[in-house]
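When the chains are written out, they are named A, B, C and D in that same order, and each has its own residue count from 1.
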Amino acid sequence: MTNELTTWLDTLLAELDGIEVRRTSRRRLRVEVASDALPALLELLRGRASFVHLSAISCVDWIDAGQFELVYHCWSYEIQSLVSVHTRIPREPGVYISVYDIYTPAAFFERDIHEMFGVWFEGSPDLSRFILTEWDGPPPMRKDFDSEAWVNQHFGWQDYHPDWLKDLEARGGGIAVPPNEQRFSRRTVDET
Amino acid sequence: MATSPTTVVDQLLAGLHLPDGFDAVAGVIRESLAHVTNSAIWTRYGQQSLEWLIGMNPVDRLFMLSALTLLLMLLLGRLRSAGVLAVLLYGAQFAALLSTDTLFGAPVAAEVRITVADQSLHWSYDALSWFFAMITIGAAFVTAWYAAGSWMRRYREAGQSARAFHVALALNCFGMLLLVGSADLLSLFLGWELVSWASFLLMALVGGPGAQAALKYLAYAISGAMLLLGGIALIYSIGGSFEYGAVVAAIRGMTDVQVWTLLLLLGGGFAVKLGLLPFHLWQAAAYAEAPGAGSVFLGAISARMGLFGIIVFIVGMIGVSRLMTLEIPYTFMSSRELIAWIAALTIIVPTYTALQQHDARYLLAWHGIGQGGYMLLGLMVGDAVGSAGGLLHCFNYAITQAALLMAVFAVVHRTGTADLNQLGGLVTRMPLTFLVLLFGIISLAGLPPMAGFVSKWMVYRSLITEGMPLLFVAAVVGTLGTILSVYKLIHNIFLGQLRVEHQGVAEAPLSMLIPMLGLSALIFLAGFIPGPALSWVAQVQGQLGLPVVPWVLGGIVDPRGGLDMIWLVGILMAGFGVGALVFYGFGGRSRRVHQLDNYAGGHFLTADVHYQYSDNFYAGLMHLIGPWYRGAFRWLERSLAATLDLVSFGAEGLYRVAQPTLLMLAAAVAMLAWVF
Amino acid sequence: MTHIDQVPTPGAPLPVEIGVKAGAARTNPFARVFDELVRFAQSRSLFMLHYCTGCGAVELPPAMTSRFDMERLGIQPMVSPRQADILLITGYVSVKTLKRVILTYEQMNSPKYVIGICSCTVNGGMYWQSYATAKKLNDYMPVDIYIAGCMPRPEAVIEGLRGLIENIRTGRADAWKDYYRRYDYYLGNQQRLFGADWQTSTDVIAEARHYDLFGPATLGAHTALLEQHQRPLEALEMRIEIPELMRRRSRSDQDGTAQ
Amino acid sequence: MDWLSAMRLDALAAVDFHWLGLVLELMLMPLIAFVAGLGLVLMLRKIAARLQRRVGPPLLQPLWDIIKLHAKETQTSHGLIHEIGIVMAIGGYVAAVTLLPVPGMNGLAQQGGLIALLYMTMIPSLGLALGVGQCANPNGSIGISRALTAMLAYDVPMVIVIFGVAFHFGSLNLVHMIAAQQAGGVATWGMVQMPLLALAGLFALQGMLGKQPFEIYVAPAEIATGPMVEMGGKFLGGLFVMQCFQLYTGGALYVTLFLGGGEHWLTFLFKVFVVTAIPMTIAMVFPRYRTEDMVRLFWKWPTMIGLLGIAFVMN
């Protein structure tokens, strides 16, 4: 039963144009699809191809291409195989349609991606603050967010200069490169 | 006739038998009365009426004053100051009762006598009737005071008639004085019916759920009265007279079967009023739904009239020793054990029903039924300490229940609800009411410093020395159930989280506070020095022919285990002193914090979240005994009511449908049977 | 309302006197002997509340059980902050958890001691770059002992505890007073992280005044910010207020004034 | 109105104690109870440590704990009733202990018998319950509702034991009981005369000490030590003092009823320590019962054993 369904899926996807399919193994399939066709494909996978479980939605920030890549990992219990559907959306408006009506767990994944990347999912039930309840800075997982600069601005550091180091230096020894110079990007944020 | 007015005043003071230590007080009264007696009106009318009043038979004076109270309440009930008048009148009744002096002196027969068809109704007061009359008038006095001030104002604003309330209370008090003083079966039955109707009136005042409960009570009361009537008919058919003396002789001459039927008839009638087990379903709703002050009076004394009946007939006339001879065939139980077991079950079942109530009034009403079981159990044990414990518990529990119900209704007066799940944290807003409830629950649970402990201790001690293990365990399980449910009562109302809407609640009004604080002081005093109360009980035992309890100022002196409350309470207070010394002396300074500054696993508590644990308070226990509550008695009552409906439907069918022929035939057959 | 940024951030190093020198010994000998006994008792009996914020907590059960047995030193685990003396912060302190840690610290009864276990509490540890974790624990509450190590072994934990016991016995472990004496500095750091409307249900300023631990630096700009929007929670004092009595007395006052 | 004079006021004259001796006794008995209690708490923690192959606390650890708790400088109280609760907890036991006769000192055992002692030991738990109630902490309220259910559970077998013992010795007076037991040496000990009741008594003692198998009301992980959740500083110190008294009262009562009380100090204390060691070892080995299982257990086995014991005693 399992490979029959798999072959049926492969032949079907092969017929569709505009999507790029790559089967990495008997139980792994990677599909690239245009962003507006993704909900239809998900309905097909869920409705006909027994992929009833949406394991996760992950997001990749291609800052140079100015795009976000959304990956929908769908799992089928019947044929024990995983389909990951990849799509690209432009980074700037960062808005996409929600698939909550197809897979209900999508609500939480979309809420998480909204908090971490700032992608707005139209129709998602609740996009309020999720894990970072105290966070009022920019979405932290974006590549243009400089975590260390933010840390330097909001947190203080221990000026770690213990007594044993002082008398060592008194005798001419000490550390070759002092700690605060060792870090490569100890830059403070430019006061814009 | 120109006796100088002061002599009349002297007679009045002599009548009050103030002990010699009180002559200073007598002096003050003499001067204050002196300037009254100089006025003109006094010389013509006042003086003769005063002389007539003093010369009267004391019991007649008591009845007259009680009837006067009733009359005045009927006439002046609507007045603003009717409450104050009622308080004064009940005070006068109490003074009249004291002047009868039948507790330590000889029984006094009232001269008023009604003869109907050569059967005469007459009344006489002895130690037992004095004891119950004292509790009744005391309860009425305290209730009237509680209802005198702002409680009555709120009651009037709610559209209820104050006059009806005062009349009902006065009628109740008068009825009970008549019942308690009855000297023959007819006056007993008359008093019994009057008390039943009066308490129905007091319950049905407010209408609504109270009226339903009152109607249910009425059904029980009428069936009880019919049982009583059956018993009286049985005695009359054997003894030929209604006088108590003849009744005692008749009962002594009865065979066992006759005594069994008498026991079932009279015992059943009185058990309905006392709320013993099979007949207890009416009492909780009836007493809880009565108007505030009314519930206080009913809870304190009304159910004990059944106990009075049982004492007079079953304990007094039939006698516990006679009960022990009445064996129940095929079981090794005698009728005494049967009644004792009914009393023990009456302790347990209502107390564990009270545990589940989430309305404070119902919880206390269910306890009213439970504590009645203790009194009967003490009497059924029959030895000196046991019966004294039962009688003393009647007094101790009356003041405890009155104080508790007053505190609960003070909370209802301020917060508007008695639902335990809607209250909480009121100790900071109503500290005096908390104190009263605390004294009350310590006494209800029977813990040392308070009065309840003394009488419960006596019942336990007699159960041990008389060798009744299972009854002893049943009584203790009842007490533990009481401790659990009273803690739930005080925790859900006064402790825990204060709700936002109760922040502005004020202390109970003054007119309600004074009787409450007076009663709680009495509870502590009756526990600290049980001597006086024990002396009354000893007199009653002597008059009933029971072995008299060896009492002393502090408690009981007995080689097999005595009790000296003065030492116990003294050492307890000393212990609290040491505890305070250790706590405040050695401990450093502490700072009072707000209730939201609490450990909740790192969670920030906010005022709008209601985190008080009050619903399903003993969840663990209820997992085990929850399924045991199957409402067996409610099922029994419903099935009884259903069979009654069936029978009445059949009978109605017989009359309503015109079947002349059938009726004629039946009449003919009856005629023939009667002729031959 | 001043925004968080206008408030001067305490960039400058801490003022010199970080903690008042060991409690000035009292003059008469009996008091000194009594203080000595109390300090000895305090050092021999410590109730430990380990708030397992991060990975370091897994080192504490072995320190308590049969191999290392902390009870030899008189240290018992306790559950509620009211009962505890030591607050063990084990592992990285995320910003969300720091709120609860501060609340727990303020709910503890003094003299209380904080031990930061694991390098994450010392200087950020391996999460030094993360936006979500607090780097220096003693910015937010006075810390008595730091035990470095990316999960120090039980021996190191017990060594740290013995150091604390030594400090208590000699009277040098009174960093907890610093929280009251320089509450403004700590509150400033907390507000810097949690925003201006940060507050806990404990009223530290009233507590400082009650136990006369009021230092010069207790009040400052940050506490002024706090006062703007937090009405401190007063304890619900028990009051006997009978309106009927009040009304009668007020009526009698009016009569009094009317004449 | 002459009922005032009718009271027998000569009752006070009947009390012809030599006052000084009694006052001394009333002061010494709580102190002895406290010191013995400290030893019992130490033994409890040592037994626990030994069973877990640990070294265990030093000798004076309970004393250091109490001194440290009372020496706390800032303490949080939730109101007057919270403080009075702790005062009642300590004071109740100070008073209850004077009812328990010890070698050479009878205290007030003549004035209040066995039932009075049982009720006096209930006062501290009521005081604690009131104190915890005002802390307005749900953990505390749940803990107290479980503690009262536990009291309901273990009091049934205890009461059966008390009935059996009182009926056997024919009196509620503890001094008589000790005299009766010491009359014929070991042969007349309670345990020898009433073995089944002694066994049921051990069950009840296990419940009364409130330790492990029946400690659901102090479940640390579940309800944050239940009643003790808001107790810090001198409040917790007061509860530690109460625990010492609680352990001593349980052990001493069992010894008085079943092991012939104390001829002289050494044997009395030895018996108390041995008797309390039994439930303590059981405690450290068993996990915690749930509330309803505890009630079911107490109302099944110890109650049956006790009733059987009474059957033997009564005929």
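Methods note: a residue touches a chain if its C-beta (ideal position, glycine included) is under 8 Å from a C-beta of that chain, and two chains touch if they have at least 3 such contacts.
The shown structure was predicted, so the numbers you read here are calculated from the model rather than taken from an experiment.
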item: Contact-richer chain pair [C-D vs B-C]; value: C-D
item: Closest chain to global C-alpha mean, per-chain Cα centroids; value: D
item: Gap in Å, rounded to a whole number, between the CA centres of subunit D and subunit A; value: 63
item: Mean-CA-position distance for subunit D and subunit C (Å); value: 37
item: Between subunit A and subunit B, centroid-to-centroid distance (C-alpha), Å; value: 76
item: Inter-centroid spacing, subunit C versus subunit B (mean Cα positions, whole Å); value: 57
item: Residue list for subunit B, restricted to those that touch at least two other chains; value: 425, 427-428, 498, 589, 591-593, 595, 597-599
item: Sites on subunit D at which at least two other chains make contact; value: 71-76, 78-79, 224, 229-230, 233
item: Contacts with two or more other chains, residues of subunit A listed in rising order; value: none
item: Residue numbers on subunit B that touch subunit C, as the complex places them; value: 149-150, 425, 427-429, 431-432, 498, 506-511, 513, 589, 591-599, 602-605
item: Contact footprint of subunit D on subunit C as seen in their complex; value: 37-38, 40-42, 44-45, 65-66, 69, 71-72, 74, 76, 78-80, 82-83, 85, 107-111, 207, 211, 235-236, 238
item: Residue ranges of subunit A in contact with subunit C within the complex; value: 132-137, 140, 147-148, 150-151, 154-160
item: Interfacial residue positions of subunit C with respect to subunit B in the complex; value: 51, 80-82, 99-101, 103-104, 107, 200-203, 206-207, 210-211, 233-245
item: Subunit A contact footprint on subunit C (complex, rising order); value: 13, 95-96, 99, 122-124, 128-132, 134-136, 139, 189, 192-195
